[in-house]
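Next up: some structures, all given as structure tokens.
Two complexes, one shared chain (subunit A), two partners (subunit B, subunit C).
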Partner chain A sequence: MLHTVNKTPYERNSFDSCLAHARKGDAVLLIEDGVYAAMKGTAPAKKLEQAAKAVAIYVLQPDVEARGIAGRIMDGVKLVDYAGFVDLAAEHPTVQAWL
Partner chain B sequence: MKFAILVNEGPYTHQAVDTAYQFTKAALEKGHEIFRVFFYHDGVNNGTRLMVPPQDDRNIQKRWSELGEKHKLDLVVCIAAAQRRGLLDENEAKRQGKDGNNIAPGFRISGLGQLIEAGIQADRLVTFGD
Partner chain C sequence: MSEEMEGGTVKKFLYVNRKAPYGTIYALESLEVVLIGAAFEQDVSLAFIDDGVYELMKGQNTKGIDMKNFSPTYRALEGYDVEKLYVEKESLDARGLAEADLIVPVKVISAREMTDLMAESEVVLSF
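This part shows the complex of A and B:
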């Protein structure tokens, strides 16, 4: 399953809900304000580090760049563009948007 | 692959509409089929042709209409959500006794069954919202 999170963890709990439900082999894609969760050295980044043992973590590059945090993304997270987003959606049998 | 897109957010709110548009465009560019784009809740406001954003801003309605025309997209607006928010086509305007309609080119008004059908017919249903 591909999970998408589009809000910052400082505003909503959708990020935590997503990580609580993601299972081994799933992928989590952070988009829009969701990309803030992947900022190096933050509390959500620690949770992502844990989750990354079982789940692949991606961030949407255009949203990272729009927010000026390209140099501050944690290690172990892959950057994708919109075409990469489409590929992830095609690769996984279902797409769950955590709204 | 066949994609269906669900848009739950209004235009110029946050970013979900923009992400939905960019995703749809990228999927088409990759040769995928878009079975339908369904506009629900505040998302129906994407389909009013009366929006007049500043010239240096994107025109969200026009952008959908143009993409729709180019790729023969089925842009469907939920009727119950549309009526609540004052989005009408010619038939609905007449039926409700209103003095005009505002639906944009390429959009059509229909029921929630269209979303269910899209979920069944498409390989993936991808949701964008707030």
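This part shows the complex of A and C:
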């Protein structure tokens, strides 16, 4: 399963809820305002670090760049472009969008 | 700024910004209302709290998402006599940000001071 999160972890609980429901082997892709969760040195980044032991974490690079946080993304998170987003969606039988 | 404008008095306006840019239209709409409002020569302050602090991040590059990067506009506010920008320290801290990460000079204040700023305002517009 591919999970997407598009809200900041401060604004909504969708990020927390997503991590609580992601299974081993799943992928989590942070998009739009969801990318802020992957900023180094923050509380959400600590949660991601923990989650990354079981699930693959991705962020959408164009959304990262738009928000001025390129270079501040935590280690262990993979940056993907729109084509990479499509690949992830195609690789996983289901996509769950945590809105 | 004059005390009185033709046909009215000067009021203390506070624009409260609480949303990250691009994910929703609020941040851009707020900026547009501030610019329109500037023509009325009111006493304007801008507050950035919660995710609103993200609006002021340096280094925004929106080429990849095909949206207008409106962050340089914050630097132009000075030219419209909009010079009072307040950023809440607690909001910056929670997001791992510092004053040096912001695109414009601001006054960083505590949540308590922000509360006072809100209480002193006569018109509050929320975004």
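FYI, the second predicted complex is superposed on the first by the 99 of 99 C-alpha atoms of A that agree within 3 Å, B and C clash if a C-alpha of one lies under 4 Å from a C-alpha of the other, contacts with A are read in each partner's own complex, and residues count from 1 in each chain.
Here is the rule we go by: a residue touches a chain if its C-beta (ideal position, glycine included) is under 8 Å from a C-beta of that chain, and two chains touch if they have at least 3 such contacts.
Here the structure is a predicted model, which means the values were calculated and not measured.
K.L.:
Output check: A:Glu32 vs subunit B and subunit C. Expected answer is one of first, second, both, neither. What do you get?
P.N.:
Both: A:Glu32 reaches subunit B and subunit C.
K.L.:
More residues of subunit A are touched by which partner: subunit B or subunit C?
P.N.:
Here the partner covering more residues of subunit A is C.
K.L.:
Contacts for A:Ala70 in the overlay, against subunit B (first) and subunit C (second): which applies, first, second, both or neither?
P.N.:
second
K.L.:
In the overlaid three-chain picture, which partner chain does A:Ala90 touch, first (subunit B) or second (subunit C), both, or neither?
P.N.:
A:Ala90 contacts subunit B only, not subunit C.
K.L.:
Report for A:Leu48: first if it touches subunit B alone, second if subunit C alone, otherwise both or neither.
P.N.:
A:Leu48 sits against neither subunit B nor subunit C.
K.L.:
Quick check on the superposed pair: does A:Glu11 touch subunit B, subunit C, both, or neither? Answer first, second, both or neither.
P.N.:
second
K.L.:
Under the stated touch criterion, which partner chain does A:Ile57 make contact with: subunit B (first), subunit C (second), both, or neither?
P.N.:
neither
K.L.:
By the touch definition at the top of the document, which applies to A:Leu99: first (subunit B), second (subunit C), both, or neither?
P.N.:
Only subunit B; A:Leu99 stays clear of subunit C.
K.L.:
Can you list the residues of subunit A that meet both subunit B and subunit C?
P.N.:
The overlap between the subunit B and subunit C interfaces on subunit A comprises residues 6, 32-33, 62-63, 81.
K.L.:
With touch defined as at the start, can you tell me which subunit C residues reach subunit A in the complex?
P.N.:
19-24, 50-51, 54, 57-65, 67, 69, 71, 94-96
K.L.:
Per the contact definition, I'd like the list of subunit B residues that touch subunit A in the complex.
P.N.:
1, 3, 8, 14-16, 19, 22-23, 25-27, 29-30, 32, 123-130
K.L.:
Show me the residue ranges of subunit A that touch subunit C in the complex, using the header's touch definition.
P.N.:
It comes out as residues 6-8, 10-11, 32-33, 36, 39-43, 45, 61-63, 65-70, 72, 81.
K.L.:
Applying the document's contact rule, which stretches of subunit A touch subunit B when the two form their complex?
P.N.:
6, 31-33, 60, 62-63, 81-83, 85-87, 89-90, 94-95, 97, 99
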